[in-house]
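Listed after this line are the structures, all set down as structure tokens.
First subunit A sits with subunit B, and in the next complex the same chain sits with subunit C.
Showing the complex of A and B:
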């Protein structure tokens, strides 16, 4: 996954065991942003259920896979990936994006306070609503978070392409991870910049998440602006060659 | 076999048909006939609520169960004194439920058997952070309020020794300092909690406030409280008068007095307040603390003194300190010396189950995995059955 976007630099660095050689296309070029693990290293299996399956119940492929893993070298699991049942990769990614200067403790506490704020607001709404409306009020902060980010994801994006000495904004379909990244980035920037001076981040974030969940609010508006720009520039779509 | 049946019968009687819907249709019928299919479901699910809302009737069988306090009672009995996270929980759930726990039951037993002719006994609740000392104190206060005692509740003594903007030199004694804001807030809350007593108790001395205002002998205590609330400059002196009068008159047996102080270790520590010349102020130079120390001495009869020592909010004490000796210091411990220490510890497994059940019933645990056994085991591991930590964990799950 790092191969097509790998940055390479000139010069020869000493080859150590496990260093990626196969990726380099030109001799004398080494990657600047790379992983210290070679291609033979496997990702760690963090899921507890995988190990809890009794050996008698495994199929042939699974037994083969287990025997194979015993011979392979495995990367160390990062400290942020736990085998907790409550872990959520989207929440972890969002927390990492909110983090400033490596202060993960602060970022995580802001995230948990945001989820609590969302929950409390929804509970208030639930108690204030009538019996029929109570079924429609969503109280799970995790579903609200996921749905809000999904609503903020743009479908199509703009990419600057150089043609004839000028940069043109060309509409381009975005990859799944780019869309997720843009949604989270817009959410965080919106909350940081347009926040009133004395308001705390969890309160503002919870407000924005609830609005995005209902498909209104400034982040949704930014997504729509992006779509409109792409629609306006659709004549330039031919500039895309991939 | 017979014991099991009687326990089952008493449990079914305690159940409200509206709460557990699957028993709703069966409850009016004879419980004995449905023994077989009721016993397994009853035993596997922990009971988290009890219908017994009177603290006087709480016993060993209610440990781990929550009882309800109505919102009106909450406003009169606890205008101040509830921990802020509990207040948030009451607002979110629209109900105030307190768990019945062993330390509170022990204290209730002692209070029920107090001899009011003997000097007031001092009880000190101590424990690590987040174990439930303040809420146990609130349970006791609710009991005493229901039994018609006069409640003298100082919600957090630490608030009186730090972050005070306006310190005035006391008019009564030049060496001491007044804290008008804190005193007036406390007087307002005291008035809300004890309305009915204030008109009955008569002041036994004449008090002169300034050239134009004075309170005559024999006028009700409500006048002193009013004076303190209206004239904020005299609020600290009004508090001092209230404390003195209550101490004097409780020995006569007209009413029973409960002195409840949360964070009593603030009375003997250090303060962060400074004079104009930047020299530090010791606690006894604050008039409020000086008068409160007199209340906490056991030289009066007709009531009880329940205290809490806490490290949260304390000044210049290490984070891990929780024992009374460490937090009170030599001076405080010697002053409080013959007291009954009551340890408040983390939940036992039954109480933990009860707490989780309560959250599940209120739909507070929204995460899908929190309902599973795996999730419960993880919550147990992460919180180590500490009530405060568990509450904070469940808040975002």
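Showing the complex of A and C:
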């Protein structure tokens, strides 16, 4: 379910402890996003190492946080998250974005096949390369995936701003999560639309990932196009007010 | 022996009143004889119905207007409550001085259902009750004289019980007349016989019988609380006979709030002055946070409103809390600490709420523990054995066959992997309902709960913070009329 709209800031030192804070209700407006959890429920901390850390090594901030969590109610861990070492939040997010109609099984199998395809291609390249080049060939599919997506992230984006009855495309710095989202979105859209008819998704996706890893390919080009447009419209930058 | 004063529902004054329609002229001998003393003096006073029906079809303007109680009325209620508490304590055989509210609540709500009660009690129908004056040997009889209407109706008849008992140890039957409120006439006490001090099973059953907690409607259940908790707090008249208000801040509209703000700000100034003096002398040192910041919280707006008996806005409340935070950041002396402490409430440590079952042992001496889990509509029960090889059996089928999807198996492994006990336990579980993901989630919760018996308290707290011990409250949202689904609206058509 969507998270509740109100978030309590860190400024209240003791206010947020175990207290259900009512969201500010304006007259004439109803809440459209709610959660089965109350606002006092905190997200679970699944990382095993966080708990195994001995108490002596904790900083003051961390001890305070530990004590604080003892008084808080915690939400249930979602079904997609485990403490497994094989789990990667970026991969999970990408899988969810690839998913269609709630078919997580298919999306996940496509993801694993993609990573396997990436690995196979890299291994072929590795075995075909000479001894000096072998050191430079990256074989871990996870690092390739992360690096490829990082290479695809745009730095600056365009936002349509209404001024004087016209919409102008104003260059705007993007937040971290927006950048990650755009990179993943472009990758998936690219693979879905520009795919040859008989080619399967894992194959195409692995191809695109490897190209993005080397800073080539259509997704990187799209990122550069975005940057060029932002550069072209830099005269409109003062339309931004935030 | 006078009876305790009991109450039904929060809105109703704690004295029980008869319905107007109930006639005292019941032809049962029991009624007449036993109630004769009560009848004469109390008839006019008792016959007043006070109950709030569950459904109001017409707007009851008189009821909606907030009822105000005079100071004398409240004082009288408090006196009667105290007297009633002492009587109950005497009946229960406890010491009246140390009879606490918990004992009152315990005596009033023993907690077993009506059905069990009715089956267990050998009570004849009311018509067969013998004459109370008859001191012959009798069985344990108690007559029920209040109508149990549909849920929502308060008790509508006078509770009047004649309770006979033949004790092995002490001879003679007892007659217990319960008085309700202060309606007993002065001369009526003569014929009442006091109950003996030793409280025993039958007495408890009598009280539970009289004040049954098996009533479904919670507002109909009798409660016996201090009038302060039942009647809403009201402000006394704020001005004198000449019309001049007592408080200098009366015309602000929120006199208690502003006077509190003045007081707090005065303390802040005082503390700052002291801090400056310390700095000037060079004795100033960084204040160590000795206050228990985590174990307590600021009181919420509703609590503050209740304390001040005044309506506050969110901004007022925020301003007040900011001022208190400022005050607590300065070096305070004992008086200021106490002042701030008045506005802090303790916060419970969550892990204490979990009850960890002790380990059980089967015939072979193997330790095992059971746990139950729910997720959406799936229900699971898991039995975790102390020693094993990591085998998980679900409904008689191996987990690899039951859950072909990796994600579900990962969920099953999650609690064990989290505790580093992957190959060390065997699990047998049964699950029904739901789909594959919710069954996996239900089994995960059941296993985590069962595992709590095998691990230390710290590890239980870690599991709780990892979200393994919380039941997921998310369920399928219903479809709404006028929409295609829970959230999806119909396609918007311009015309």
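We take it that the second predicted complex is superposed on the first by the 193 of 242 C-alpha atoms of A that agree within 3 Å, B and C clash if a C-alpha of one lies under 4 Å from a C-alpha of the other, contacts with A are read in each partner's own complex, and residues count from 1 in each chain.
Convention: a residue touches a chain if its C-beta (ideal position, glycine included) is under 8 Å from a C-beta of that chain, and two chains touch if they have at least 3 such contacts.
Quantities reported herein were computed from a predicted structural model and do not represent experimental measurements.
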- [ ] Please work out whether A:142 is in contact with subunit B alone, subunit C alone, both, or neither, and reply first, second, both or neither.
- [x] first
TODO: Would you sort A:37 into first (subunit B), second (subunit C), both or neither based on which partner it touches?
DONE: second
Open item on the list: Output check: A:71 vs subunit B and subunit C. Expected answer is one of first, second, both, neither. What do you get?
Closed with: second
TODO: Could you look at A:80 and tell me whether it touches subunit B, subunit C, both or neither (first, second, both, neither)?
DONE: second
Open item on the list: Comparing subunit B against subunit C, which has contacts with more of the residues in subunit A?
Closed with: C
TODO: Figure out whether A:123 sits in contact with subunit B (first) or subunit C (second), or with both, or with neither.
DONE: first
Task: First (subunit B), second (subunit C), both or neither touched by A:104 - done: second
Open item on the list: Shared contact residues on subunit A, subunit B side and subunit C side combined as an intersection?
Closed with: 84
- [ ] Sort out for me which residues of subunit A touch subunit B in the complex.
- [x] 84-86, 112-113, 115-116, 119-120, 123-124, 127, 139-142
Open item on the list: Quick check: in the complex, which residue numbers of subunit C touch subunit A?
Closed with: 293-298, 300, 314, 321, 325, 344, 347-351, 405-407, 410-411, 413-414, 417-418, 437, 440-441, 445, 461-462, 464-468, 470-475, 477
- [ ] Please give the residue numbers of subunit A that touch subunit C in the complex, ascending.
- [x] 1, 12-19, 21, 24, 36-37, 43-46, 48, 51, 64, 67-77, 79-80, 82-84, 87, 104-105, 108
Open item on the list: Please output the residues of subunit B touching subunit A within their complex, sorted ascending.
Closed with: 88, 92-94, 363, 366-367, 369-370, 372, 374-375, 378, 395-397
